[in-house]
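Dropping a structure here in structure tokens format, bear with me for questions.
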Amino acid sequence: MADTVLSIRDLKKTFGALKATDGVSIDLRPGEIHALIGPNGAGKTTLIHQISGSIKPDSGSVHFLGEDVSRLGVAARARRGLGRSFQISSLAPEFSALRNVMLAVQSRQGSSFRFFGPVMADKSLTEPAMAMLERTGLAARAQVPAAALSHGERRQLEIAIALALGSKAFLFDEPMAGMGPEGSKALTAFLDTLRHEAPILLVEHDMDAVFALADRISVLVYGRIIASGTVDEIRNDPEVRRAYLGEAS
Amino acid sequence: MRDGQAMSRETLINILLAAALLALPFVAIAMEEPFYITLATRMAILALAAVGLNIALGLGGLISFGHAAFFGIGGYVAGIFASHAFNMEPMFSAPFEFSGSDQMPVIWLAAMLVSVFVAIPIGAISLRTSGVYFIMITLAFAQMIYYFAISWPAYGGEDGLSIITRNGFPGVNTANPLSFFLLCYGVLAVALLMFWLIQNSRFGAALQAGRQNEQRLAAVGIAPFRIRLVAFAISAAITGLAGALFADLNRFVSPSMLSWHMSGELIVLIILGGTARLFGPVAGAVLFVLFEFALGGITEHWQFFLGLILLGVVLFARGGLIGLVAGKARHG
Amino acid sequence: MKKILAASILALSMATSGMAYADPLKIGMITTLSGGGAGLGVDARDGFMLALKQSGVKDIEVVTEDDAQKPELAVQIADKMIQSDKVDLLTGIIWSNLAMAVVPNAVAQGKFYLSVNAGPSALAGAKCDKNYFNVAYQNDNFHEAMGNYANTAGYKKVFILAPNYPAGTDSLNGFKRFYKGELAGEVYTKLGQTDYAAEIAQIRDSGADSVFFFLPGGMGIAFMKQYAQSGVETPVMGPGFSFDQDVLGAIGDAAVGVKNSASWSKDLDNAANKKFVEGFQAEYKRLPSIYAAQAYDTANLIISASAKASVKDADAFRAALKEAKFDSVRGKFKFNSNNHPIQDIYVREVVKEGDVLTNKIVATSFTDHEDAYAKDCKM
Amino acid sequence: MSTALLIEQILNGLQFGVMLFLMAAGLTLIFGVMGLINLAHGSLYMIGAFACAAVAAATGSFWLGLVASLAAAAAAGALVELVVIRRLYDRDHLDQVLATFALILIFSEGTRWLFGSFPLYLDIPSALSGAVQLPGGGRYPLYRLTIIGVGIAVAVGLYLLISKTRLGMRIRAGESDREMIAALGVDIRTLYTVVFALGAALAGLAGALVGALQSVQVGMGEPVLILAFVVIVIGGIGSIKGALVGAILVGLVDTLGRFLLPKLFAAFMGPAQGATAGAAIASMLIYIVMALILAFRPKGLFAANA
């Protein structure tokens, strides 16, 4: 497993009679974008939650950088470098964009139990945070409260936060959702460069983006991976065409 | 720059409030109405208790409906220490003999330590829940302590415990109402400074982010539970300290300091002044004590009108007094 | 010289007309006028004011405030009355826990305090004070009287019951101090408890020949109603608080026949009592309770003392209070060494007069009874 | 201790629990549908008791009083909802706590203003006085048995109302998705007023039933309110089933604790000491139980949205 950053083995989760995750195994290797696609209700977000630690699976394991993190909580996994963005933007709405990123910088530096010293005057927090905003093109909006940012800007901010964490793998849950064609294009280009920093597990509905970015694709239907492979393999897989793409076309 | 203006306006109001509260006893002396000193002291102490609660409630969004527990614990520490010191009976003999104390610094430290000691298990259990459950479980713990205090005969039970002479402070004649007021005012000022520091610190950033969005805080790798537990303990310590001062003001402590009405009143002080505002508790305490005092003198049915006023504040003056005068809460 | 003579003649003439005073006197009355316990405070205030009105004195001023049954508020009001209103004397508190909060502070500031109701044991014993006078009773007295009565009534196996707080334990200890038989059970209930089904079941099961309970306020009303409804026939007795005029209406016929103890009753045959009861009914259109009676006596004691001495001369005023030369509605009344009453305590029975429930005296449990704490009081 | 006594105590616990259920059902319904914490629920209980006592005294009929208590509490509830509560739905819990705390002050002092400071008289109707023979030799008051019956009837009624009627369907929809119900064309404002009035009426009914057992006085609602909150938190807020189970649990734990703990302590510490120590623990018992349950199930036993 030396060449896998993130290794998910046989995850299972049921809600009542519903098998939301039914024996899923996925690998994420260095430098790759691994896209996870599937129709609505296939259990993609539930799976992301289990990987990030906010939902406990019934069985199965998650290894990250060779360590079994199955029993760790969200915060502990994030501290180890598992950065995520949310399907529906999840930010501290009253904080400015800058303070949202500073929180990640602060966490990366490891001390949230400092009771004195105003954060806004702390260059070791503001400067790296500002740098991340610049990278994601949000520098001009640094002082705007997250609640007042546009939809696309919030997406960018989520990514800036994940970057600021120094993540060693990214979990992005539909980062393109609700973005215009221009925004999608820019973000696609950005993610393309990002993969060299850390591999990305990408949940996305925008098939143009998926086919442009993904090194490998896994298809999730009713909680099961029905196919996994390169872009071409997936395009030509009859089962995928029947279960998923057929429905789309 | 509307925000900037609102900010400076809030600062101005804060300065005015601080000055007014400080001036009140001197006005009282000039008017030969010494009782107003007591009133001002009461305002300062209740404000201090609410500053404590404001750390949990305002910054952390932890609506504790059981902070009277810490207020009462602080009061009982003052009462019990003083009574042992007065009667020269040892409180405990192992590991060392301790006969209480009538010195405020010792009592304050003990009040804060005991409050923290109680707050940690209460917080550890309560913080597993959220929302209404948190409100109610903190209330339940406070009720446990309340009933314990009522039925525990050693320190007076329901009858409470008198402090024969007000506890001392090195270099200050605490029996003098003005000196005692200044002491309380000083403690309040230190607490406000601490609140301000915490609000702007890394810890404060994490705490406030947790209130706004718990999921986000965890996703950046900061576990909300530990942040909140520490905030809850700090909050309890300050409210406990206020309780010790309150007992010394009244020279008396009783289970009513632990009652759920008291918890409710502390919340009322904060909302009345403005939630999560630095000076919200001060504004709230000044207003509440004034209402209580003025209405109580006018009509036997004063509680009816107090209720109407509080209702009016919630419905029509969102953001409390400071919100009303200073405008919307600042972001940042 | 002439002036002094004139003044003393004036004083003399007033003394003979029963409305003498030396100096204006300002009284602060702190009592419970809101919440569940307001009935007691209202009665105490009304009784007090009735005495002032009947006496016709003009130079006694009373400021009244509601303590909402909260000790902290009572302390604040006391401070205000002492510091701002500059009262000479405080009175009016109903509850022991409020008295414990206010009285030590007030007397420490050199003010007089006269209790119209609460009589906690600490203030009768070790913490007594020369400026604290209790015109009502020491808390244990009525319970002691019932303990004594239980012996004479021939009860051998009493079930006793009180809330779990100091006044409750004092109550049962007071009862046991005089009662000689065995206990069928001893139960402490939660303060403020309103359902007594569990306790009544235990009483039924215990084989007791009688029940003694102390449950003040709404607790007593609830207990008596539920007891009557339960069909348990064991006779009940208790201190007068649960069977006085303020609560009898709410208990209803369930109370008829119950024996209870008090230092006063509406039917006590003396002129002062007659004047009080008739005056109270005329003024307030209801029968007075023991709280009203005690407050009425307190007011008359103050009037009698202020006729003899100025309150500004604390020693003289104190001596005048201690003499207790006033016409008590309780017939005879004098103070013990700890400034608590020495008085008779009666056993009363609840009866129905027309539509109205009230009490009549059926026996005297104690004559010239003193409390058990006077020996601890060093004044 | 005889079996008859134990049976009687269990019935007492059941009756106490059923009474708590009447309070808790309204509270949990209001929370479930509108997301509102209503501290003033105890005041509606008090209004029911006062209305019943006043009308029973004027007409001589407990039954008319009972009708009046339902009407008065429902009317007060509807009025409060229209004037105050409806402005609070989209506020946070903090504002709701303060506003309804203020309502307690207004209702308590207002009631005292209207009815005076002395407790009112209210007795059980003569048709329900007396006791019933129990198997095992004990006797139990008919009125308390009736309360148990009323509580069970209300529980069944609520179940039918929520699962079988149009109103119930709307309530369920309101619990899960407020926007959807508005989209369905249901007037959500009216629905909220109706639900609030229904909860208030249940509280008023409890107040009237219990008023005949206890003292009808100002402030009588507050201890019950706290217990009702304990009940719904144990049961899971928003769940009627949880309220029923929680209420019975609290009723039994409290009653049996009061009865058994002093005996237990007396065995170790002697009668007088044991009686006070046991009583002290008994008075804290339900709060201890609640803390334990929440420590292991932070959303109560039957969390509505789990």
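Per-chain numbering from 1; labels A, B, C and D assigned in written order.
Here is the rule we use: a residue touches a chain if its C-beta (ideal position, glycine included) is under 8 Å from a C-beta of that chain, and two chains touch if they have at least 3 such contacts.
Chain by chain, the UniProt names read as follows: A = ABC transporter ATP-binding protein; C = ABC transporter substrate-binding protein; D = Branched-chain amino acid ABC transporter permease.
Quick caveat, the model's predicted, so the values are computed rather than measured.
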item: Relative to subunit D, chain with the most remote C-alpha centre; value: A
item: Higher-contact pair (C-beta pairs counted), B-C versus C-D; value: C-D
item: Distance from subunit D to subunit C - Cα centre to Cα centre, in angstrom; value: 36
item: For subunit A paired with subunit D, centre-to-centre distance based on mean C-alpha positions, whole Å; value: 47
item: Subunit A and subunit C, separation of their C-alpha mean positions in angstrom; value: 75
item: Multi-partner residues of subunit B (at least 2 other chains); value: 147, 150-151, 153, 301-303
item: Of all residues in subunit D, the ones touching two or more other chains; value: 108-109, 112, 276, 279-280, 283
item: Pairwise chain contacts, counting only pairs that touch as defined; value: A-B, B-C, B-D, C-D
item: Partner subunit D, residues of subunit C touching it in the complex; value: 33-36, 38-39, 41-42, 164, 169, 183, 186-192, 194-195, 197-199, 201-202, 204-205, 217-219, 221-222, 225-226, 229-231, 246-247, 249-252, 254
item: Touching residues (chain side subunit D, partner subunit B) in the complex; value: 31, 37, 39, 84, 87-88, 91, 93-95, 97-99, 101-106, 108-110, 112-113, 226, 229-230, 233, 237, 276, 279-280, 283-284, 287-288, 290-291, 294-295, 298-300
item: Residue numbers on subunit D that touch subunit C, as the complex places them; value: 1-2, 4-5, 8-9, 12-13, 15-16, 108-109, 112, 117-121, 123-124, 129-131, 139, 141, 143-144, 210, 212-220, 223-224, 255-256, 258-259, 262, 271-272, 275-276, 278-280, 282-283
item: Parts of subunit B lying in touch with subunit C, wherever the complex brings them together; value: 33-36, 38-39, 42, 147, 150-151, 153, 156-160, 162, 164, 246, 250-252, 254, 256-257, 261, 292-293, 296-297, 300-303
item: Residues of subunit C defined as touching subunit B within the complex; value: 33-34, 65-66, 68, 70-73, 75-77, 79-80, 82-84, 96-97, 100-101, 104-105, 108, 120, 122, 127, 164-167, 169, 188, 190-191
